[in-house]
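As written, the chains take the letters A, B, C, D, E and F, and residue 1 is the first residue of each chain.
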Amino acid sequence: MRIRVINPNTSESMTQTIKTSAQAAAAPDVVIEAVTPTMGPASIEGHYDEALAVPGVLTEVARGVEEGADGFVLACFGDPGMDAARELAQGRPVIGIAQAGMHVAALAARGFAVVTTLSRTAGRAWDLARGYGFGDRCVEVLACEVPVLAVDSAAAMVADLAKEALTHEGVEAIVLGCAGMAEMAARVTAEVHAPVIDGVGAAVGLVETMVRIGVGGCARGEYAHPLPKRYTGLLEGFSIPQG
Amino acid sequence: MRIRVINPNTSESMTQTIKTSAQAAAAPDVVIEAVTPTMGPASIEGHYDEALAVPGVLTEVARGVEEGADGFVLACFGDPGMDAARELAQGRPVIGIAQAGMHVAALAARGFAVVTTLSRTAGRAWDLARGYGFGDRCVEVLACEVPVLAVDSAAAMVADLAKEALTHEGVEAIVLGCAGMAEMAARVTAEVHAPVIDGVGAAVGLVETMVRIGVGGCARGEYAHPLPKRYTGLLEGFSIPQG
Amino acid sequence: MRIRVINPNTSESMTQTIKTSAQAAAAPDVVIEAVTPTMGPASIEGHYDEALAVPGVLTEVARGVEEGADGFVLACFGDPGMDAARELAQGRPVIGIAQAGMHVAALAARGFAVVTTLSRTAGRAWDLARGYGFGDRCVEVLACEVPVLAVDSAAAMVADLAKEALTHEGVEAIVLGCAGMAEMAARVTAEVHAPVIDGVGAAVGLVETMVRIGVGGCARGEYAHPLPKRYTGLLEGFSIPQG
Amino acid sequence: MRIRVINPNTSESMTQTIKTSAQAAAAPDVVIEAVTPTMGPASIEGHYDEALAVPGVLTEVARGVEEGADGFVLACFGDPGMDAARELAQGRPVIGIAQAGMHVAALAARGFAVVTTLSRTAGRAWDLARGYGFGDRCVEVLACEVPVLAVDSAAAMVADLAKEALTHEGVEAIVLGCAGMAEMAARVTAEVHAPVIDGVGAAVGLVETMVRIGVGGCARGEYAHPLPKRYTGLLEGFSIPQG
Amino acid sequence: MRIRVINPNTSESMTQTIKTSAQAAAAPDVVIEAVTPTMGPASIEGHYDEALAVPGVLTEVARGVEEGADGFVLACFGDPGMDAARELAQGRPVIGIAQAGMHVAALAARGFAVVTTLSRTAGRAWDLARGYGFGDRCVEVLACEVPVLAVDSAAAMVADLAKEALTHEGVEAIVLGCAGMAEMAARVTAEVHAPVIDGVGAAVGLVETMVRIGVGGCARGEYAHPLPKRYTGLLEGFSIPQG
Amino acid sequence: MRIRVINPNTSESMTQTIKTSAQAAAAPDVVIEAVTPTMGPASIEGHYDEALAVPGVLTEVARGVEEGADGFVLACFGDPGMDAARELAQGRPVIGIAQAGMHVAALAARGFAVVTTLSRTAGRAWDLARGYGFGDRCVEVLACEVPVLAVDSAAAMVADLAKEALTHEGVEAIVLGCAGMAEMAARVTAEVHAPVIDGVGAAVGLVETMVRIGVGGCARGEYAHPLPKRYTGLLEGFSIPQG
């Protein structure tokens, strides 16, 4: 089984962090293919960045389908372009790391907190939590206010926030709110003595589960392939040809 | 007051339909500036189209801010790129026509139906309805299965669907689910004897209201201006420079 | 366009405050007609007052319909008698200022706080927020504990409460919770640097929007005209004659 | 224990129906005092009627408190004036028959249907169901379209609607949606072989329960006694004097 | 009328506490039969205890049906085995004390807090609150951390927690979260000046109400008698014979 | 990795069906240990059966912990005893097949239907759906009315129901509602051309995911080990000894 893990930003170093975490979570018969888009923002720290990461993500999904990937992980906590990616994936599973992290947290505990980078991204996390059905289980979103590209060295701050969150009513697990935190799950777990979930590993496991039991995404109706259509200007290359 | 009405697709004919409807709804002291993006899909009929309409929308919002627009209407029923647009709008109101149509429907009646173009777009309509707080009031989404660029000549079908919806428990108003239907609100109203809401006109009124009472969007926290950042590849032009 | 703005209490001074605020929010072609009922409480500070403000409100709605008003604003934050008023308004828009203030806050920001007069009215504010679909977006209701008829001189206290609310998780806009606060929106906005919404101005804008786009309330089913019926005793004058 | 059962309309014949049903439900040591207001509508068939039934209801609650009633039942399915009545009742339980009927239905079954008189009252029933926490359990509201004052002779139609409702997914109990149906519960139960709840009897039991275990309503905060205030015009008599 | 009140744990002393409280709440014509199961845990302080209290509860329900009880109260705040008990009760009301306490609190006040024994039981209280429709009204669950079998002597601590809870936004009534607290309702009420609800008394009143108005539980569909079936091993005696 | 899959009923043939399905879903390095309890009902077809399956389930969980299992699957669609099992599992993942099936359905599609055995079990399915956060996504529960122990030969009926469900608004995936259907997922998928989810395979994948990423259940607070306690009578063996 081959799972393509897409880093939605263009920073190669973060792709390596994500790859390491994804491989650690994969079963022996799973090949992880971690990729970086050829266009888009160096990091995703708000709605503008996230919206403009989507073209690059979609290009990688289309390429992955062509090259025979069995499923996709979108490795940014805003799950950018997930619905559009599903239209391209033609029934292969596409899972975002916020989605995966929250699902696994909901399986592990009654309530969870998200520990993220910048507080300006908390609104997106809440929208996703509500959309996935976890509006009640997501108790709070805490930010360490460290930029995405520096967060891999902020494990101590993340652990402190996690510890604080676990003292709040109803918080029994921690979801790491950035792909850049992927490698710190074990360390933070050891410090806080509670489930700490890295969405990258969680997403790999969920895609694997779906592939093994033959449950792809839905490839009809809402998620059917995009209709043939002409795109213009800078985005001309995204046109969908007839047939 | 100058309101910039952005048609998120690249079809100039639809921009004209939207402009006519927006002007009819505007107060005497309001100038409507209807614009078409220079990049993106010819029409928006799914998540892929919608995601890829966003770069063009954002370019127009940035231009509008520069040219002194007082507020923005995003004239596609998927409200594409609204959160990102708000980051650029620096406190000026940005309203989508799904958002506006549903708000006005909620003011006019207990429950409403959305009549839209293709059924594959219904999922997006439901996501928006729930996100705006109208998950209970939106009773159903019905599709006439006419493509977006042909829907302006499908008023009879739209009226029939609206009539049918109004026989269903809890449906007391109709929201037109496509900017291409903007000019048919009066005609459908006359046929169905119930409130029929064109989101374009509704959005113009809501932006106007906000500008007159000095309530913009929130320009801090989540909706602060995007952080300085380098974009690469095809999207290099979207980089946010320092300072 | 003529909008009748009804002050549900009998204090003429508050009607003047409301009128000033309504006029400031109206487009050039809108005439504001602010009226005071001939019966009811001097101010509305609880459920009893609010319930007994309704007969006076209904009398003014009936008179407004007769005199050709195009729409109605109910200018008390409890939106007293709104459903009954809609039965009388025969399809003309009827908007309460809590409803309007909350709708505009939901358009402007992710979450809001209501700053009101007496804490005993907070329950009503919550009921309205939930009923309008904003149970999640209304984060808190704070009271300055100043009586309604004195609140116009309490702008400093209101600003302080607004500032405090804006430090709370999820509060990004302030809804002024009393018509007596109508004139202080600009001042409080200037102090708190966030959207501050006066429901009176907001309601004028929403009624205007609805009239311009030809969307009245629903005049059939639930909101059809009251059935012919004999009233007795003190309320005999409210009888609805045959035909 | 003395329970005052208030018929919110002015039709003495309906007060007798209510009284019979209330007495049948009362324990041996409970005295039922059924009363008719001296002002208001002959029947309640919409929001206007209901709003204008409130002054008469409040007069009876005030009289009941003075005369030593231990608790109150508001015997119209719209629960008119309940919040205001609680302010007057100074801690004595005040229960509406919609509230009581829905609570008992929720105790008896997973989901219920309301069978009511006119369909124009269904909106009010839904608002109450949602407000009481039973938005999910109330599956539907069906109307026999018989006026309130004639419904006592429509038991066969009510039974037919109840039977139909019980064939719908999730409906396992029937709440009778009008005090005028109070005496038909046993007959309809016998026909439909499922729980059929008359709100009048249910409300008597709930008030009794609360009185026996010393749990009144809350007499502080929101439901504290109305503040001293001058009322003018027709409603002058509702003024609340100082002290 | 005979109401069987089942103490789900095997501690006879707690059965006596429950019996006293139940009798104080019963009308003169009601006989309270308080029973202790012959198997199960000495107290219920977690999910394991609660799950294993169910066989004993079901044995007592079966015996009660055979001996002609008119209805059942399950006197542990986790409402253990309620759905299964309803299948055995063949239409007789079965009410748990958490269910009853929360229903009466919802009738008495807008929001309530539960004061319970150990914090590890709070999750169960929240599940029940949400399941009964009171997820919004249940504001918090506070634990005194006194074991169930010692809690009858901890009234002062319970009163202190109740007082604290009543200072929190939205808390206007207290539900006692353990049958072992049944006798302290009056004392705590006197100290906190707000409604304090003992679920045992509340449940007796609700069962009484249902019996008097002829509304049992639903004895068809989901709650029909268990199907004939062979049980093996230790639980062989729970087999349901044919016919 | 060793995953213990517990069949909550005592029918060995069903354990074999479950084992086959679990093994097909497992990664190469996972050992499936399928076990049958020594006590309890031959099949689970209602609340009584389910409640009385719990003692046998708990015995198997305790044995699995002792024998070094890494995680547990509860292979009955009612997820019997899950909370209690978690207290025993001391941090190892415990996943029920309803929980797993619904989670994977939510990952695969916007909305799903459950196809189950007897309609009397639908209530339990709804309770679980709501509890897991999927109350909106679970569109309907359809029953084939075939007993659990015969359902393995009813694949054609299940496929027909699935096909019917997929014609209903919002249903885009099917969750098989009984462990006895585990082996028919591929066949039904082939017939209905949409995702069909067997909860057994789904649960194996979710447990695997959690074990691989080091996220167990929460072993503190609510899910800490049961307190030492004496059990009496038939259940004496379930006593929890000191220390």
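Rule of thumb we're sticking to: contacts are C-beta pairs under 8 Å (C-beta built on N, C-alpha and C of every residue); 3 or more make two chains touch, one makes a residue touch a chain.
Which protein is which chain? UniProt says A, B, C, D, E, F = Allantoin racemase.
From a predicted model like this one, the values you see are computed outputs, not experimental measurements.
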item	value
Chain located farthest away, centre of chain E as origin (C-alpha)	B
Pair from A-F, A-B or E-F with over half of its contact pairs in common with D-E	A-F
Between chain C and chain D, centroid-to-centroid distance (C-alpha), Å	28
Between chain B and chain F, centroid-to-centroid distance (C-alpha), Å	44
Whole-Å gap separating chain B and chain E, where each centre is the average of the chain's CA atoms	52
Contacts with two or more other chains, residues of chain E listed in rising order	110, 123, 130, 135-136, 221-222
Chain E-facing residues of chain D, complex	24-30, 93, 95, 99, 103-104, 106-110, 132-137, 172-173, 185-186, 189, 193-198, 201-202, 204-206, 208-210, 212-218, 220-222
Residues on chain A engaged by chain B in the complex (per definition of touch)	10, 37-43, 45-52, 54-56, 58, 81, 83-84, 86-88, 119-124, 127, 130-131, 221-224, 226-227, 229-238, 240
